[in-house]
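Below you'll find the structure I mean.
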Amino acid sequence: MGKFSHIDKEGKANMVDVGHKPPQVREAKASGKILLEQETIRLIKENDLKKGDVLTVAEIAGIQAAKKTSDLIPLCHSLQITKAEVKCTVVDDGVIASTRVKCIGQTGVEMEALTAASVALLTIYDMCKAVDKNMKIEGITLLDKTKTDLK
Amino acid sequence: MGKFSHIDKEGKANMVDVGHKPPQVREAKASGKILLEQETIRLIKENDLKKGDVLTVAEIAGIQAAKKTSDLIPLCHSLQITKAEVKCTVVDDGVIASTRVKCIGQTGVEMEALTAASVALLTIYDMCKAVDKNMKIEGITLLDKTKTDLK
Amino acid sequence: MGKFSHIDKEGKANMVDVGHKPPQVREAKASGKILLEQETIRLIKENDLKKGDVLTVAEIAGIQAAKKTSDLIPLCHSLQITKAEVKCTVVDDGVIASTRVKCIGQTGVEMEALTAASVALLTIYDMCKAVDKNMKIEGITLLDKTKTDLK
Amino acid sequence: MGKFSHIDKEGKANMVDVGHKPPQVREAKASGKILLEQETIRLIKENDLKKGDVLTVAEIAGIQAAKKTSDLIPLCHSLQITKAEVKCTVVDDGVIASTRVKCIGQTGVEMEALTAASVALLTIYDMCKAVDKNMKIEGITLLDKTKTDLK
Amino acid sequence: MGKFSHIDKEGKANMVDVGHKPPQVREAKASGKILLEQETIRLIKENDLKKGDVLTVAEIAGIQAAKKTSDLIPLCHSLQITKAEVKCTVVDDGVIASTRVKCIGQTGVEMEALTAASVALLTIYDMCKAVDKNMKIEGITLLDKTKTDLK
Amino acid sequence: MGKFSHIDKEGKANMVDVGHKPPQVREAKASGKILLEQETIRLIKENDLKKGDVLTVAEIAGIQAAKKTSDLIPLCHSLQITKAEVKCTVVDDGVIASTRVKCIGQTGVEMEALTAASVALLTIYDMCKAVDKNMKIEGITLLDKTKTDLK
C-alpha cells in the first residue's frame, strides 16, 4: 500500500519528504472542458466580442487557484510558482480551459495545473448558471509534465 | 448579455445584489468521478479495507473546499453553510464523489457542492499520481437544487 | 480614550460587540486614484480598446478583497456581503477605482469598500510597474455610507 | 502592449515567468499617510502615551498583509519574505506608515511593501472611524527598491 | 458511535446540519497558560512597562485566529462573530490567555474561544523562543458557555 | 529587551531578517495531549476499530495547520515545508498528538510543529465536545529541533 503518494505502509496519510530531491525546473500543462448549451456559447461569444469579462474572470480565478493549491489539497507541498497561465477558449460545445504552471522546486506542479483548470471551469459555471441548466465539467486531465535540471 | 449571473449590460463582472431576497433553506447536491486504472482501484480498496486514509482525506478536503468557495470563485457570495457532506465511493472504473451542502441564505449553494466534488476528486488525483498515469476527472455536475421557505 | 472603535478604556484593542444591534441593509461607497504617467495612461487605453485585461483584473481583485476585509483588518467583523461592485475608470492623470459594497448586518461595510478600492489600485500598480516608475496612490476615501431598516 | 508586467501581446493577463532569473536579495521600502483631524491625532497620541494598542495593531496588520500579497494581487508571485517591518508614526496632520520588506528571490518585493503600507493605514482608518469622519489615505508610493547578488 | 459531533453511525466525518436550530446569542470563554522561565517573565514585564508589543501581538493573533476557526478545524461551521476579546496576563509562572467570543448563530463559539487562546499562546512561544528553551502550553480549556434567546 | 525574537530594542515587534543565514535542513518534533473521560476514550477506540474518521480528521487538520503557521502567528516567516507528519495516539487518559515537520530554509520549523499539534488536538476537542464536558489540552511542547547543512 506504500505505492500511493502521501500514504505510508499502514495506509495512513502524511506529506511525504521531498527535501532530499534537488530543485529542478518543473512544468505541467493541464486542461478540462465545460459542456454548454448552444445559446450559452452564443452569449459567451457575444460577451467576448463586446470586450466582456466572462473568460477573463475565469482565467484570473484559475491563476489564483494555482497559488492556493496547497491550501486546498491536504497533502500537497506549498511551492513558489514562477509562472501560471490559464487560457479559456470557446469551442463548438463549450469552453476549454488550458493551463500551464512552472516552478523551481523539489516536487512537480501537476496539481497546480489541474486545480487551475478546475477552478477556471467552476467560475464559468458560476457565471452561466442563470442561463444554462445542463452544464457539465469533463475531461480534467494532465497533458504534459517535465522536469529540467537547473543550469 | 444581461442574462448571465454576475455580468451587467456592458458585459462587465460584478457580484450581484442578493440583499432583497428572503433567506431560505437552500440545498444542493453534486457529483463527479475520477477514472482510474484497475490496479489503482485495487490499491484504494485494499487501503480502505485496512482502515487507510485515502477516501477520508478526499472527503475532508471536499468539506473544507465547500467553506472556501467564495474565496475561489471571484463573484460568489460568502455563505454560512449549515451542513456539508462529501462521500467518496469506489466504483468499477474509478471513484465517485457525491456532495450535499445546505445553508440558510439568499442565494444557492450549488457552487459549494460543485467545488466540494471537484476538490475531493483532485485530492484523490494527488494521492494516486505516483501509481496511475492515466487519471481523468469527468462529469462534475449538479444533481439537485432546492429552496424551502423558513418556518 | 474609549472613543475609538475597537479600543477600550485602557487603550487595549478588541473586536467590539455588535450583537445587540438590529440587522440593517448597509451600503458604502468609496474611491481612490492611482496617478500615472501619460504614456502609461495611453497604454491602458490601448489595452482597453483591444479588449485587454488590465482594468478587469483590477476590478476582480477589488471584489475579492472586499470579501477578505475581516482577514486583513484585525478588528473587523466578518460580514456576508450581498453585493460588491468595483469600477476602474481611466481619467486624465490616472485611473480611479470606485467601489460599492452592500450587506445585511449589524455593522457597516465602509472598510470593505475602502479595502476593495485599495487593492484594485495596488493591482493596477502591479501591472504597470514595468512601464511607470512614478506611480502614487492618492485619495482613498469614503464617499457615502447608509443604513436602512429591513422591511 | 507587451510592455506591461503580466500582460501579453494580445493584452491578456498572466503571471510572467521569473524562473530564469537568478535569486537575489531584494529589498523595497514604501510609505503612505492617513490624514486625520486634530482631535483624532490627539487621541492617538494619548493612546500611545498610555501604552495603548492603536499603532501596534496597524503595524501587525501591515506585516501580515505583506505575507498575503500574492493572495490579494492576482498576478503577483508568492515569495518567501525574510524580513518585514512596518512603522507607524504620528505626524502633524495624520499618521505615516513606513514599510521595509526583504526576500531572496527572483522578483522584487515592491508590491509587498506597498500592500503592507496600505493595510496598515486601512487598519488605522478602521480604529478611528467612530471619531473621525474626514479621513483620507494619501501618497502610497515606493521609496526605494534594490537588488543585490547573493554572496 | 453516533454520539460524536460530526461523526455519523458508520464512524464517518461530516459537518452536521445546524440549519433547524433557531439563532441564539452564543458566548464562550476559554483560557490557557504558557509556562515560562523566571527570566522570560522578567523580560515580558520589562517589555510591558516600556509599552512594548509582546502581549499585544499575542492578543491580536488570538482575535484573528477566532475568525479563522472554521478554516482550521475541518468540521467547524463558519460563524459571524459579533465580539472577540483576548487578554494576556503575566502571572507568577507564565502568561495566561483569557478569551471571550460571541456570535448570533445556530451553533456555539467554544471552538473559536479555544482556538483564540491556543494561537495567542503559540504567538508568545514564537516571540520568546530565543530566550526560553523550556516553554510549555498547558490547560487550554473551556471556562463557560451560554446561549440566550434573541429578544 | 532585544533578546526576544521579533522584538527590537524599543520593544516593538517586527519580522526579523533571516536573509543572511544559509539554507539548512531544519526539522522539529512537538507533541501535546488532550485529556478525555474514559467513556470518550472508549468511543474513540470503537471508532478507530470500525475504521472511523476521528483520528484521521485530526491528523489531516494538523498537517494543514502546519502549512498555515505563518498566517496564524504574525511574526513567523513563511516556509516551504518539505514534510509534515501528525500522528494521534490513544493513551490511558486521552489522545497524544505527535508531529514532525521539515523544511529547507533559513529559520526553524518549531512553530509549525507546535501549531500542527495544537490544531490536531483542537480538532479532537471539536469532535468530542458533544460527549465530553471536561476536556483539557495539556503539555504542548517542543521535543526536538535540529539543523543540518545541505550536502
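Note that the chains take the letters A, B, C, D, E and F in the order they are written out, and that residue 1 is the start of every chain.
Criterion: contacts are C-beta pairs under 8 Å (C-beta built on N, C-alpha and C of every residue); 3 or more make two chains touch, one makes a residue touch a chain.
Given the structure is predicted, the values throughout are model-derived calculations rather than measurements.
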If you tally C-beta contacts across A-F and across A-B, the winner is A-B
Overlaying subunit D on subunit F by their Cα positions calls for a rotation, in degrees to the nearest 5, of 120
CA centroids of subunit C and subunit D: separation to the nearest Å works out as 15
Per the C-alpha means, the centres of subunit C and subunit F lie apart by a whole-Å value of 36
When centres are defined as mean Cα positions, the distance from subunit B to subunit E in whole Å is 30
For subunit A, residue numbers touching 2 or more other chains are 12-13, 51, 53, 56-57, 59-60, 64, 68, 71, 74-75, 80
Pairwise touch list, complete, is A-B, A-C, A-D, A-F, B-C, B-E, B-F, C-D, C-E, D-E, D-F, E-F
In their shared complex, subunit E is touched by residues of subunit C numbered 12-19, 70-71, 74-75, 77-80, 105-106
Residue positions on subunit A within touch of subunit C in the complex are 48, 51, 53, 56-57, 59-60, 64
Listed in rising order, subunit F residues that touch subunit A in their complex are 25, 56, 59-60, 63-64, 67-68, 80-87, 102-104
Given the complex, residues on subunit E that touch subunit F span 1, 3-7, 10-13, 32, 43, 46-47, 50-54, 56-57, 60-61, 64-65, 68, 71-76, 110-111, 114-115, 118-119, 122-123, 125-131, 135-142
